[in-house]
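What follows is a set of structures to go through.
Next come two complexes, and both contain chain A; in the first it sits with chain B, in the second with chain C.
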Partner chain A sequence: MGEQYVCKSFEFKDGERRIIRIGDDEIGVFRHEGEFFAYSNYCVHQGGPACEGLIIARVEERLRPDKTSMGLFFSEKDMSFACPWHGYEYDMRTGQHIADRRVRLRKYQVLQKGEDIYVVV
Partner chain B sequence: MSSSERMVSACEPDAAEKVAFVKAVFKGIESGTEAARIVERKKQGEAAAPQVELLRRIPAQPSPESQPLHQLSASMLAVAAEIEAAVSDDDPGRIDVRAQQALMSALCRLYAANDERGNHFDVLSEQTTVTATDAMVLCGALLKAVDLQVFELALWQSWSSR
Partner chain C sequence: MDLISDRGRRVPIEDLNTTRLLDHAAKQARDRRYEDVLIVDCDAHHYENENLSEIIPFMENEVFKQLSLSSRTKGRGHISPVGYGWQDMGGRVTRYPMRSSEKTPVEKGPKRDVELGFRWMDAMGVDYSCLFPTGMLNIGLHPQKEMEFELSWAYARWVTEKVLPESQGRMYTMLGLPFSDPEGCLRMVETFGDRKGVGGFMVTSVREKMAVYDNAYMKLYRALEERGLALAFHSGPNWNSSTFQSCNRFISAHALGFSWFSILHCTNWVVNGMGERFPKLPVIWIESGLAWIPFLMQKLDHEFMLRPSECPLLKKKPSDYMRDMFYSTQPMEIQDMQALETTFRMMNAETQLMYASDYPHWDFDLPSTIWDLPFLSDRAKHNIIGGTAARLFKLEPRNEAQRQNLIKYGNYRGSTAAPARESTPPEPAL
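And now, the complex of A and B:
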């Protein structure tokens, strides 16, 4: 199908999401820290709207040098989005499930040509 | 004029429209417009490509930092930054003792009042520069100021399941 025009970059604010349909595919397009990401909106668990849930910082456990735990913290750099149906969490940058990297959403390439944003399907 | 001639003249564009049409044909499609992109796609044989349909727009989630601060909270943040600066300049003495006492007392009462109302939160943020020694020094001083021993604190904590 090739490149599909989505919108102008200035119409797409940082942190915003757009759910679009191209043919039979429903796709979530994210703008996160200035970068664009696009994933299939069909959750690999049971087909829920994977791209429409909460965007949250990854929870990570910090360890001291002797490997004792300092507790759980929200990551300052890694963000995930959670499927609103049962909470499968996907990495914002890769679309991989954060607990099992083999499980992933279909990723679409996003192209920016000047001010125009395209999704490649 | 026959009835068929009348029908043709009713459908026919007037002279001004004809001129505009001819001008547009000669001017062509301006580059950079969506029309130009459509023509380009057609040239590349993608005329049948499906259209993008926008189903939903989900606005950015509000972050705590983006929430407007109450004026008092904003002033407190400014004061905290100045105090941190005084400590890192190794000049804590530039803040008057009476001011420190007033602030400590107010913060103590504020934290306890929140706790009483079930408004529990971490007393220090993740970005804190407070060390374990700082915390012990202050806890010891606070206990002493209200004439408490450490074992009394432990007793109260176990009785009140804190």
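And now, the complex of A and C:
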């Protein structure tokens, strides 16, 4: 186990992402609502750069109590990032595929030491 | 470049560079030593609609040419039917909205199309690709058969005279037929069938009315069979079709549409005994995935046993005729590995299935979708990923290791010439 330096925390704005490369490995690091999340950049689908695509709120369909649909909405709380190759959509906080939680990206721990951000590899 | 996300939020995304986007595909190609294996992509696309100003002048009829040129002035109007839907999934598939940000040495035209093709082919380890248009896959929905012919003709001239010659022999095509005009189809085959890079002809199967068994087409099929050219049916969605009007999500119209048009036309092809009438004509069903094949085989065999008097030309079961035809892999439904293995067995995939990427469209498949399947023999892998297509389209290996592999799996014999015959004299200059 080692620690891979990412950058200074003040250089990493909320809503941003960085890709760090360690040999053949690639890790996507996100800053979302003040927290850091890090995942393998190899999509579990066909190996695309899972962390390099669009960051977008989850789409929800809301139902009324009588089960009629109110239509489609962007979630107020759940954020996803989508693999740019075919659109596999992963939960920002867990790295799980939003449609099948068993499908998930490898998650890495992110450490903050003072102003320095590291990923534990 | 920024992409639009939820609530108008903008997310910066690196400008598109296909080589960079497909960096992980290139790693797969290196890890699996694809350079030793001839890989043929039987279905790849370019966006010919970005080059309409070059294509329209090849139209023959001056009236339709003038109409088209006028309609295109200042970007007004569409000259061919436009399929609607959300292919880019709101920008989640970034190469759609980012497309214009990709830099190439030549900004526009055939050289750019070929350069972009080489970028993804080289990244994936693809040696040859069969190039198809994108927008013109909807040509069968045009209400004017004259325009269908004019556009098919113009595209055929442009792609064979301007695009394929730039591709160093690595791209070939099956030219779209103006299927509403049987005489026009025949003229296309007679005119373009011998051109370099033409491996066959293609019917855009997104059509609301198409009788593939009509007597009017027999001359066409005979002409293809005599020339050793393939006939492909390329599927697609049509959300506007009355069949799919009740689909309130694109996923429904897309998933069903691609399967449906192949199911429909393949059924008509089989029950009318086309396999008996043209036994040497290679027929290829493109871009419907594979899950529809075992369904249709079982369904038709079941009904055929009950109603053989409606299909008197058939000398064997419908599924046997289906096993005589070819299929492209993409978009391959890799969900239940046992179901997929059964599908491969039922269709004789080892000899009848050919890899296709469909790149750059949103649901493209990498060669690893075939190469990594746990149940395939080495022979089946080599055949599907390129060997069968090498035989069918007479494609040469690009290095000695590929040649040895083609020989090893019995795919070299046919590979003695370029994918097409010598070029015929081009049409008169514009």
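By our rule, the second predicted complex is superposed on the first by the 120 of 121 C-alpha atoms of A that agree within 3 Å, B and C clash if a C-alpha of one lies under 4 Å from a C-alpha of the other, contacts with A are read in each partner's own complex, and residues count from 1 in each chain.
Simple rule for what comes next: contacts are C-beta pairs under 8 Å (C-beta built on N, C-alpha and C of every residue); 3 or more make two chains touch, one makes a residue touch a chain.
Remember, it's a predicted structure, so these values are computed and weren't measured experimentally.
In the superposition on chain A, A:G2 makes contact with chain B only, while chain C stays out of contact range. When the two complexes are overlaid on their common chain A, residue A:Q46 makes contact with chain C while staying clear of chain B. By the document's definition of touching, of the two partners only chain B reaches A:R21; chain C does not. By the document's definition of touching, of the two partners only chain C reaches A:A57; chain B does not. In the superposition on chain A, contact is made by A:V119 with chain B only, not with chain C.
Shared interface residues of chain A (contacting chain B in one complex, chain C in the other): 15, 52, 54-55, 74.
On the chain C side of its complex with chain A, the touching residues are 3, 5-7, 11, 13-14, 21, 23-25, 27-28, 89-95, 362-366, 368-369. The touching residues of chain A, when paired with chain B in their complex, are 1-2, 4-7, 13-23, 26, 52, 54-55, 73-74, 119.
Interface residues of chain B facing chain A in the complex, by the touch rule stated above, are 34, 37, 41, 44, 46, 49-61, 126. Those residues of chain A that touch chain C in the shared complex are 15, 24, 42, 46-49, 52-57, 74, 82, 84-87, 89.
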